[in-house]
């Protein structure tokens, strides 16, 4: 434990709450894409994190090299993510979506694509880290309750706003639109969906596009949080994304949001309230993963019908 | 489909060509610069390849092997450099540690579907690295285990090529015999169809854990040799990319035969060395080239060459002539025959107690009651037909009896013993054999092997008898083979014994399933639509065979839509409709039962 | 309207349908009866494009649809109510109906049709915002039929609509099928419940082991001993 005076300091507590929520919001956006693709196609797309990493670089290119404003960078990165994910569907997943393919095959092919993507990034951008230009955001933070109060950076504010917009938009898409209904139909039964005249392949492409858009947004948001863009950034977040997805229940969209926020908070508070907390921060996702697998394999919000082998 | 296979053929040529070219390049390089480092790396990678093979061959995707390698490496480095043990003692200790960790990880995760294993093992390697970095006093932390952190060079550099060759040879010995043993068959059966494996008496969770622990132990051994190879180790040696490398050895080389991953390790070790020698390390793209090729190969092999580069036809070398004397003469299906193990009772004693009893059994699926309060008893030695319109709950009932589902309410008794809630493999061992409506044979196995898998529960061998080649091993295997051949002969399948099960006609596959179920020596045999897809002649032969089973004392429950068959063979017929039993009577009565006629035709 | 000529379908390693031919004239109800495993569902799946036939032709309104993808076949006016309860249980009743009209774009007409379906099936109207999985078996079957009608099909394929339903509900379902036909939709009805099917059908084909073994008007088939034997054996 750290200095006892910190434990009773309400500003310190609130500060960490704010930091944790911002961090968690990024995790949630990242995990949403993961869980969406799993929910619809029963595929663990291990190239999702590499898509995310490439999107961060795409945003960096647009903002640093082309000197575009942040909003353009964000949109470009989201579009780029969607396109990359669609290419993945055609290259790595569709050829395996036939009778007779082993269940593990899509996971293996996504690993193959993923390491190609990381290698290409290392070859293109070198392994060293990149930063967004300092001008994209006002560096002066907001203070709630005076300069001794809780500090909220513009980046954090933007993260929370963009995350909420994306989550609401995704919820609207899935729950309220024709396309969303088609996606849910395909998730439930591809055969039943086809008999309704739904072009399953097209729905799958849309699903991948949406998943990629979410990866693209997460790529920019994490850049705003850590301002640290490198080819290895995907592997740093991948495990967290998987932990969040398991925490919320594989394929469960609401679960991914809550799980992401929870992980962000737990990580932030571990750093804040424990000595050497930052060393152990990376282990938290894994510990959560294991606890959930032991206690509630279907996640916090999973139905009781267990996925037993 | 056909273009896919053609691409696969070319891909195999390309990969073998790449292997040949890089081997040649490596040979030239080696004569100019005789350095055993690359050779040692290949041997270590081959061991790692075998470690991933065990899991892949059981149908498990584990990404934990880099983590286990790290545990083995650091355990051994600490034991040798700090505790002062000799290398040959640290090796078994490090392997033991990996085995224990493997068990702790596997036990919770391997009960779940395969996706969970991949996800949790993905994180495992990272956690191992976090632990290494955060315990610098023990491991050297982020600096690595080298001279500066108290790991003296001379103690850290002890791995010799001969040790690696010896160890690899030892592993190959183990794998060679494992492949031909009860355990090896069980692992392959689980990969091909875990559900059918369970109803053959195979404890799926146990064998999955066994495979995972074996994989962990072998990866740990590779780590030990790795730690003592160049004189220092670093946590970065065991990143996720290492796990992917190891996976690639298996996926690329082949997941059906132990030689596959060795081949894969060879290709993926020698190719980068050759590329390094040709292109140098100046241009960034070329330093990434081996990884890109690795990724590309993974992708292409999974799509176009599923099963990997090395897939020997298992069947060709097994097409040995079957010695007539070897065939157990009818004994296998005869109840008077001596069982495989002396003293083991075959079937229950013939007393008044019904063999199978159901009491008020109910099972619902999300609001719909598939089996509704069903009770009946089936006496020993009869053939009972189970009929009813489509969707009336017949197959659900079989799944409840064999433990695939558990009833929400009610009890199921076998010879008076309560079997409600037991897992499928225990129910199989207690004497219930079954076949499936959608055939579930082990398609990559020969017909003979399929039937030998049915003997699983009665073959009293284990890994020690297998690897020490104890006489018991040979005797039991030979007996199982004889019995299996006897069963095949009884069912007229002897000619197919060494063919892959998937190549047989539908009717023949159904009969192989029956032979496999009979291999359990079941007190009760459940046949789910055995005549589906059979022609009239085959159906008539099947009816004859079912009657033979009855004469030999078997009790049989048959679900069938070929009503002629049911009427011909059954002593008693149970009719279901809406998950309820609407009749249980002799065939003639059932045919005239108004409720039954209505269930099938609707009321007039 | 629909013509199936020399159709053979392999399902895995079995030839589930062997060289069958039949026609469904416009405005009629034609039934395909036979015991389970006779190849009825396989036949329907091939017509809907879910399975690729090995040999043979499927002609719908003069067009060869043999190798068309399913969504195009549905667009052409051939909707299927699949075997069992092929509703989307995690979606609401209203969403199921809306998805039935997935191939249509005329929003206003879709709304009207949904109301019309609710008028025809008052039970569905009461439960419009419930999850489809919570309906009873009979209600699910009504929903499945109502949903198929939302595509405004020229022809309806029904796969064992009586499966798992109580006799009184079966009667209701068959009455609905008759009404749908009277309103001008051609029906191909696959059934195991031969008596019921023959009561509303104009023409019938009997399938056994993947072949058509008997055909005739509903009356002819009803009076034939062939059918009884196909189901309950030669007693």
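For clarity, chains are labelled A, B and C in written order, and residue numbers in each chain start from 1.
Assume a contact is a pair of C-beta atoms (placed from the backbone, for glycine too) under 8 Å apart; a residue touches a chain by one contact, two chains touch by 3 or more.
Since we're looking at a predicted model, the values are computed, not measured.
The pair with more inter-chain C-beta contacts, choosing from A-B and B-C, is A-B. If each chain is reduced to the average of its C-alpha atoms, the one that sits nearest the average of all protein C-alpha atoms is B. With centres set at the average Cα position, the gap from chain A to chain C is 44 Å. Centres computed as Cα averages put chain A at a distance of 35 Å from chain B.
With centres set at the average Cα position, the gap from chain B to chain C is 41 Å. Touching of two or more other chains is recorded for residues 89 of chain C.
Looking at the complex, you find that chain A touches chain C at residues 178, 181-182, 184-185, 188-189, 191-192, 194-199. Those residues of chain B whose C-beta lies close enough to touch chain A in the complex are 1, 4, 59, 61, 108-116, 118-120, 122-124, 126-127, 130-131, 133-134, 194, 204-205, 208, 239-241, 244, 247, 251, 284-285, 287-288, 291-292, 294-299, 302-303, 306.
Within the complex, the chain C residues that touch chain B are 12-14, 16, 35-37, 83-85, 89, 133-134, 137, 160, 162-164, 166-167, 170, 192-196, 209, 231-235.
Those residues of chain C whose C-beta lies close enough to touch chain A in the complex are 48-50, 69-71, 74-75, 79-80, 82, 86-91, 95, 98-100, 102-103, 147, 151.
Within the complex formed with chain B, the residues of chain A that make contact are 44, 46, 91-92, 95-96, 98, 101-105, 107-109, 111-116, 118-120, 122-123, 126, 235, 238-239, 242-243, 245-246, 250, 276, 279-280, 282-283, 285-286, 289-290, 293-294, 297, 306-309.
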